[in-house]
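Chain IDs A, B, C, D, E, F, G, H, I and J follow the sequence of writing; residue 1 opens each chain.
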Amino acid sequence: MKYGTKKISKARLEKWPNPCPDRDYTIDISFPEFTCVCPRSGYPDFATIRINYVPDKYIVELKSLKLYLNKFRDRDISHESAANEIFDSLNKALKPRRLEVVGDFNPRGNVKTSIRVSTDQ
Amino acid sequence: MKYGTKKISKARLEKWPNPCPDRDYTIDISFPEFTCVCPRSGYPDFATIRINYVPDKYIVELKSLKLYLNKFRDRDISHESAANEIFDSLNKALKPRRLEVVGDFNPRGNVKTSIRVSTDQ
Amino acid sequence: MKYGTKKISKARLEKWPNPCPDRDYTIDISFPEFTCVCPRSGYPDFATIRINYVPDKYIVELKSLKLYLNKFRDRDISHESAANEIFDSLNKALKPRRLEVVGDFNPRGNVKTSIRVSTDQ
Amino acid sequence: MKYGTKKISKARLEKWPNPCPDRDYTIDISFPEFTCVCPRSGYPDFATIRINYVPDKYIVELKSLKLYLNKFRDRDISHESAANEIFDSLNKALKPRRLEVVGDFNPRGNVKTSIRVSTDQ
Amino acid sequence: MKYGTKKISKARLEKWPNPCPDRDYTIDISFPEFTCVCPRSGYPDFATIRINYVPDKYIVELKSLKLYLNKFRDRDISHESAANEIFDSLNKALKPRRLEVVGDFNPRGNVKTSIRVSTDQ
Amino acid sequence: MKYGTKKISKARLEKWPNPCPDRDYTIDISFPEFTCVCPRSGYPDFATIRINYVPDKYIVELKSLKLYLNKFRDRDISHESAANEIFDSLNKALKPRRLEVVGDFNPRGNVKTSIRVSTDQ
Amino acid sequence: MKYGTKKISKARLEKWPNPCPDRDYTIDISFPEFTCVCPRSGYPDFATIRINYVPDKYIVELKSLKLYLNKFRDRDISHESAANEIFDSLNKALKPRRLEVVGDFNPRGNVKTSIRVSTDQ
Amino acid sequence: MKYGTKKISKARLEKWPNPCPDRDYTIDISFPEFTCVCPRSGYPDFATIRINYVPDKYIVELKSLKLYLNKFRDRDISHESAANEIFDSLNKALKPRRLEVVGDFNPRGNVKTSIRVSTDQ
Amino acid sequence: MKYGTKKISKARLEKWPNPCPDRDYTIDISFPEFTCVCPRSGYPDFATIRINYVPDKYIVELKSLKLYLNKFRDRDISHESAANEIFDSLNKALKPRRLEVVGDFNPRGNVKTSIRVSTDQ
Amino acid sequence: MKYGTKKISKARLEKWPNPCPDRDYTIDISFPEFTCVCPRSGYPDFATIRINYVPDKYIVELKSLKLYLNKFRDRDISHESAANEIFDSLNKALKPRRLEVVGDFNPRGNVKTSIRVSTDQ
């Protein structure tokens, strides 16, 4: 098994100490290469995942985030569940002061869908 | 009758259980291939339909939504009525916590019109 | 006299009953082919007129709106007066719940001007 | 039957005398509201049709062209056949010195297709 | 009568001596505020006029060109004839080594048309 | 001395009576050809000036504004001072209900600067 | 196994008779959702595949093309080999009069690569 | 050592008196050529730095800011620390009424990150 | 007199030896801050100057080019003459194997003009 | 010394066998993070490097290319020399059938420069 494949299979979100925990500041992350599999048809789905958060004690380590997102490649999961699961994983791992996750999916059957989950609503 | 034609003729909005009903989150949908017929002239009209909602117990099934919107192809209906009817159908079927429908129509006689119906106003 | 010329010369804003008077919703209209004559120089002026309103009992009929706006072609009128007059005509004819009119004029002498009149200010 | 519907049902390409037949010049036409029906599935297809020609004795009358293109709305026809049929109709009606027709179709199943037929190839 | 109106009514293309007649060089001119009247309907038409030429003994004076183009405002003339007439006027006045005129008209009835006349064809 | 040069040298902001003083409305003005001289180096600086105001008794006459802005061409003035001086001049001349001036300067030494002065802050 | 997964696993390029074999015309196809696996690292790669051809006796059936391209999802293959293999498969299946395949890959390590294979070179 | 290298090595933020301390106004600064070194890998990182502040007694001298930012070229520093350090340096030097610093970094491993530090949060 | 002003007043094109005279290669230069004075009205004109050349023995030193172009700020010169004079100065100084100069001027009286002088015509 | 720093210091272009040497095909590469040092001032320069080639026996290994380009970070080199040296290194290492290198540099002193070296000239 190649090293990238192996790393993806073992991926879990890693957290680092926030270098500036006394201050509220915002981290924006965008990952345009998300893909998973439609649970009904078995066809691939594609999305850009956008994450926006105000860290508390921890920040997410970016390489582990990329591997974590790569891991959805072979999973059967709906648009709504993917966005909510990424939100829950980050929320649990980082316990941030604020968090928003957007899954902006490519059109299917001419219909474009985007899911936004946020601690602000 | 071809299978697509048949499916469109029988289309009705289907609802699925919301996988995360305990959380407010937003679903954005965009459909650029809406067409209907002008009730005065009989000429075709074209629009992009944009839907934005916070689901409560249900989410709309996307394929049924596409077929529902395809069904307007042979109907005589004004811009204002089309946007309001799509809003009412979704509101009745899903009873969402928030709902907005925009019908963004192509220009007619050099005049471009867009209709926005929302639970927020 | 050609039929278009005749229709423009007789143009007046027509109102139709609002098909959904019980609900606040927004109608956006954009007309990129407005032209009038500068009252000082006699040179032509060009603008895009944008209208945004929440109808009460009436909506404006779009063809009559186009003809009404075409009628400014031979009038001597300043940027400020044109935007305010269009606002007043619509306000008087429709008595809408909310109304905004923007006259976005092409540059003259390298200076670009846009006038916005609204019930919200 | 409404007047627009009636006009579309009777539409045929009309030709006018070329006002400048002694000179080669080019006419570019673009029509973004073409729609027909997929002959296999019965689902609607959408395209922009672009026409570029050097007239000889005749030019096409634009309103008749629009009605001719509107007439495909209820026809079952493939992308390739639609583009070639429009090319053949214009070529036969106008006998232009040069002619190109492009059918630029919306994606289907994430695949975007464009067909170009030309007297130059 | 205002001075601008008067100047437009008397407008004719003026030519100036080419400051560099020994060299072929290119002058590109673009005028986005062309308007005339449709000879069939009497409704206004709008276009951007683009001119590209290699001067011989003369160059066109730009203010006279603007006034010349403003003069079409009240004329009934088709798209094809307008582009060809502007080409002929410039060709006769300047006798340039190369000349191209494009009339890029706003859509009418959802159909966009552009006319290109050139000494190169 | 040429007439333009003379007019610029004598330029002062002129005010006209506001045609609609009973209503709050907004006038947006953009002038992309502002240039002055850096007070330290003597090199030219370039900016777009944007003005946005709600007039009270007066509106600014646009040609006088252009000439007023042209007058900075030979002045040694910093970015911050230029934006504040334009704000002060307009504020004093027009006494508007609201005023914002933005000086959006071209990069110098790879650093782009924009200054915004407003009655709203 | 889901029906989409099954169809992808069995995918092979299907050819249809060219409806207009007597005429040279061009078919442009674009597929933005190509993904495969880097043969060295095991990390996923992403690309848009663009195909442009002049058919002879056959045209490619679009759904079979999509499934054929989906099939690369689990394959270890370099950028260069992927583009050349798609070219060879289409060339062998269709024997077109002209063929070009472009594989436009997302950046890796900040380097963006695009491979173009053509019968024209 | 060249003069630019020398100036960068000695760079420190310089402050000038605010020419208009009695008024709140906003200064926007954008610097697209920030580069530093990743503290883990030793590979270079690239970012656009955007600064937005309301000055109190002092404004930052732009050339000293550019040299200060150039000084990060050979430093090992993470995205989060770089943005927070620039914020702290400006805050300490200028004591502005409001301050926001954004570090908008180029993608690494297909992940794009942007850090925003502000007195407003 | 400030040092920048002094440098501009003394500016002349400097040439450097071409580091690779044995090979034809192309140098593209763009300068968006050209300004001069209209010889008829005395009003300022603005342009982007684009230069494209294949050097022979010499290349132009960029700072001297910038100062040379800054020098037109106070000169009365027409669009056509400015472009031709810049072409002649570079041609004489560098004797390049190929040279093209474009003066792309801002609109005046709604007319946009661009002058292109080239050794290729 | 970090592993990335070490790899960059030892970087040299690596070549791989061309998987399809019997066919002419084109490889386009773009690297937006090139930086070096101005040999006169010591200030940093930034560029996008674009490479386009038809391989013969070899293709360039992309990671080695990135490291090779990273190596210019601490070198004093002019725009012209950098583009020509990259061209020479690739030409010598790969002996491609066709090669073009473009160095598209960020503006300095408001002057933007781009250098293109090609086997085609």
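By our rule, a contact is a pair of C-beta atoms (placed from the backbone, for glycine too) under 8 Å apart; a residue touches a chain by one contact, two chains touch by 3 or more.
All of these numbers come straight from a predicted model, not from anything done at the bench.
A repeat of the H-J interface exists among B-C, D-G or A-G; more than half of the contact pairs are identical by residue number at A-G.
Subunit J has its Cα centroid 51 Å from the Cα centroid of subunit B.
Distance between chain centres (mean CA atoms), subunit G to subunit H: 46 Å.
One simple way to say how far apart two chains are is to compare their mean CA positions; for subunit C and subunit E this gives 29 Å.
Counting only residues that touch two or more partner chains, subunit A has 32-33, 106, 110. Contacting chain pairs (ordered by label): A-B, A-D, A-G, A-H, B-C, B-D, B-E, C-E, C-F, C-I, D-E, D-G, E-I, F-H, F-I, F-J, G-H, G-J, H-J, I-J. If you check the complex, the residues on subunit J that touch subunit I are 78, 80-81, 83-84, 108-118, 121. The part of subunit C that touches subunit I in the complex is made up of residues 106-107, 110. Residues 1-6, 8, 32-33, 35, 37-38, 40-44, 46, 70, 73, 76, 106 of subunit C are the ones that touch subunit E when the two sit in their complex. By the touch criterion stated above, subunit D contacts subunit E in their complex at residues 18-20, 23-33, 54, 59, 62-63, 65-66.
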